[in-house]
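Taking it in order: structure first as structure tokens, then the write-up.
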Amino acid sequence: MLGLNSRDFKLFIVVCLMALAAPILLNPFPTASALGESFNAGYPALMQRFVIFGILVIGFNILFGLTGYLSFGHAAFLGVGSYAAVWMFKLLSYNVVPAIILSVIVAGLFAVVIGYVSLRRSGIYFSILTLAFAQMSYQLAYSVFTPLTNGETGLQVYNDDPQILMGANSPTSPHFFGLEMNSQYTLDISGWSFVFQNGYYLSAIFLILGFYLSIRIFRSPTGLMLRAIKSNQTRMSYTGINTKPYMLAAFVISGMYAGLAGGLLAAMDPLTGAERMFWTASGEIVVMAILGGVGTLIGPVLGAGIIKYLENIVSKINDSILHQWFAFMPDWLEGVLVTIIHPFIGKGWHLTLGLLFMAVVIFLPGGLVQGGQKIGGLFRRKKTDDAADGAKTPAE
Amino acid sequence: MDAFILQILNGLDKGSAYALIALGLTLIFGTLGVVNFAHGALFMIGAFCAVTLQKIFGISFQTIDDTQTDFLGNPLKVDTPYIEAWFGPEMGMAIQDWSVPLAILLVIPVMFFLGWVMERGLIKHFYSRPHADQILVTFGLAIVVGELIKAFYGANPIQTPAPDMFLGTVDVGAWLGMDSGAVAYPKWRMVYFAFSLVTIGAVFAFLQFTTFGMVVRAGMADRETVGLLGIDIDKRFTFMFGLAAAVAGMAGVMYTPILSPHYNIGMDFLVLSFVVVVVGGMGSLPGAVLAGFMLGILQSFASMNEVKAVIPGIDQIIIYLVAIIILLTRPRGLMGRKGVMEE
Amino acid sequence: MGILEVKGINKRFGGLQALGDVNLSVQENTVHAIIGPNGAGKSTLLNVLVGKLIPDSGSVMFDGQSVLGRKPHEINQMGISRVFQTPEIFADLSVFENVLIPCFAKRDGSFKMQAIGAVTGHSDIHTTAEAILDDVNMLDKRHMTAASLSRGDKRRLEMAMCLVQEPKLLLLDEPTAGMARADTNNTIDLLKEIKEKRDITMCIIEHDMHVVFSLSERITVLAQGMPLVEDTPDNIKGHPKVREAYLGEAQV
């Protein structure tokens, strides 16, 4: 179906359903309940982040997952995409279509330049070069390019901006031919309220398209070539294949995904700043990909979702919530636990993220998908062991 | 002419820091084959050792002086640091004043220990893993260290002044026979430069003239052969990790009067130091030192107003530009050996 | 005029003359062996032929075109394939995927962007790949990961990957190095079989005299970077100069 084999098609359908039904699926608890306030994730601002970062990491995975080239500067493309989109808002109108198109194109061009230089080298050199480029972009956004980026204030739309395509009745926030991104429909069913927002659905459609495209790339001859580059570059060149253009293609495609994500971020909230390009942002992309499972199809989406969800929960927890949780304990134990956990919650989210990152790299280098497969494999082996008891496989 | 000399001098202290960090990175890379993204974090821990010592020296107790009153008319509360109570006011003040240089004594054992723990506890398990995994795990560690520092010391830079006698400037111009005051250079930066030269010299001498150093150098050249000789190279490499950590830590301590430490300083310096290593040539110790000073001085020239007027913002990106040009024209860096980190 | 004409190749590494005025002519559809004691410059010569090293002087003509200055992948596209001492295969990919890649390289050249259609859609490539796996008796192992193959099978797979490109010249760098006698004999049989089935020129660098004399039709002896003799195997066996330079240290 749709040019996918049956397994990929099933996976694709699952992702489609999850993305489209997220406003319902992510609200398992009644909205007003304590659990709902802490753990529900089905509100637009958070769901937007799930899918937008999902798109970003799907793109990153096309580079890192297939070719093994670790880019440490991917946030630069995200930032450039956002700037491009906001400029479209400033110059033309709040319509998201030209904004998103330009953000993808600009990020793509940017990736051509950075990729051309960085791909002259492989391995660790490549990682350092991409990191250096991203830091350079970040510095430039704060200094020389202030006219383009508005420096530390960040780029946003002002009343005196040209907006030449703005009609008298045009919406004054990002919209898709009149359909405003931040308008939403709320469905109340007993204790639950489900919010369906235009902006979320626009992002979700892009996620679905991006995911579909990534499956096609993974299964294509080019995808095979990229995996072969990861496996053995020597054999590649002695098989008559020029690895450079394949690598550049992967890098640029990956950069365009990041540009799209940047454009969508701006479409959800029409302002942006240089901090989107900072190295921690690039690091976060890598964490998401590793956590989910590099080189797998679904891994990046999972990783992005889990990290953004955890970020949301962990940042919301504060000491008083902790005290509530541990209220059943003796006071001294409660105090000790709260003191221990305190640095990891609220503003300490990045500390938790760093530790999580290390734990995944150390104990689960294949990410959650591989972890799941291992557990699944254990069960399966048990079954086949029972079955194969009688019929021993012949020795080689 | 004087402006020229001043820029060279200004570049020296930053260049010294780059050179010291890059030296440690190269040592670790050359001996253990590990790309350590947490090396900037070690530099930062060093810097915060100085902060910590300064705070410890400042711990005080409160007494009430009935003879004086504060502006509300209450008896005045006086804070006396313990250190002044124990050693007498004068000696105590001197110790507080000298907290940054004294932190060197603290930082060497602390960093050696941390380096040893890091290598045995974490890095050891990554020798046989791909370079990408090494980068990722040390990168994660760098995040953790940075955030821990933020949790304990806050996000704002912390002032850690140099001893009083090193405040002010040296009239370098007069030494060179120019008008007095033409080239004024802060004393502490002079100290930093001298300190880094001594440290770099000591590391090189150690590698050059001790048996231990010879084995390590042989190990850097060809790890397997040395292994065949029956030398327990791993133990020596662990020591090297501790040494590299100590060098980074000392560089951090001494840098605090020049740049007030904050929790991002590690990554800021790491990124630049990696660029330095790449420019110098992966695995080349002299290359790391040379490139460190070179880039420090270049950066200083680029931040001259005359230069910035021609190419705005050049000071921000000069290092990256040089790195890109070098990598495109001399892929192995200035002094890189063949076959290092090349698949 | 041979298919491969090497004329006056010189290569120095610092003070070491690795190759000194090497001439070599390999005739079409023959098996040509290059032998010589350690350090004779065999590997250097091979690396020049595949574009990994650029000689200081001399010329290498293949099929009427110069090889020098071209990149390895371009030289491969001209029709030269190479088998390595330790098989270079795509260890993480399946056996079948390993063979698919040279099939694509053969059909589509060194680069063609095909990022949308599935690999399974290219039925012509599948047919070719299956045929070559059948040829080397590995069709039943097509789904195995290449890394999990036995050493002998890795060698067969690499051979299949080279052969499926239908190269005009196959370079073999010590194809039996480190193999047990039985494996060596298998490899000899495999190579003989290949030779019988297709029109192919082979150039073998080999230490094992048993392999050299069972396969080759002409032999070039290198010593200290210089070509010593070039002749038929029978003449080489009794050649006094060769004995002196080389066979003294090996058992024939």
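Order as written gives the chain letters A, B and C; numbering starts at 1 within each chain.
In this section, a contact is a pair of C-beta atoms (placed from the backbone, for glycine too) under 8 Å apart; a residue touches a chain by one contact, two chains touch by 3 or more.
None of the values given here were measured: they were computed from a predicted structure.
Farthest from subunit B in C-alpha centre terms, which chain would that be?
If we average the C-alpha coordinates per chain, C ends up farthest from subunit B.
By CA centroids, point me to the most central chain in this structure.
When every chain is reduced to its C-alpha mean, the one closest to the whole-protein mean is A.
Using mean CA coordinates as chain centres, what's the gap between subunit A and subunit C in Å?
46
Centroid of subunit A to centroid of subunit B, CA atoms only: how many Å?
35
Using the average of all C-alpha atoms in each chain as its centre, how far is it in Å between subunit B and subunit C?
Spacing between the chain centres: roughly 52 Å.
Quick check on the complex: what are the subunit B residues that touch subunit A?
Answer in residue numbers: 35, 122, 125, 129, 131-133, 135-137, 139-144, 146-148, 150-151, 267, 271, 274-275, 278, 282, 312-313, 316-317, 320, 323-324, 327-328, 331, 341-343.
Considering the complex alone, what residue numbers of subunit A touch subunit C?
Within the complex, subunit A contacts subunit C at residues 3-5, 216-217, 219-225, 227-228, 230-232, 234-243, 245-246, 249, 253, 396.
Inside the complex, what are the residues of subunit A that reach subunit B?
68, 70, 72, 117, 120-125, 127-129, 131-133, 135-136, 139-140, 142-145, 233, 279-280, 283, 286-287, 290, 343, 348, 350-351, 353-355, 357-358, 361-362, 365
Touching residues of subunit C toward subunit A in the complex: what are they?
For this pair, the touching residues of subunit C are 50, 71-74, 76-77, 81-82, 88-93, 97, 100-102, 104-106, 108-120, 122, 150, 161, 165.
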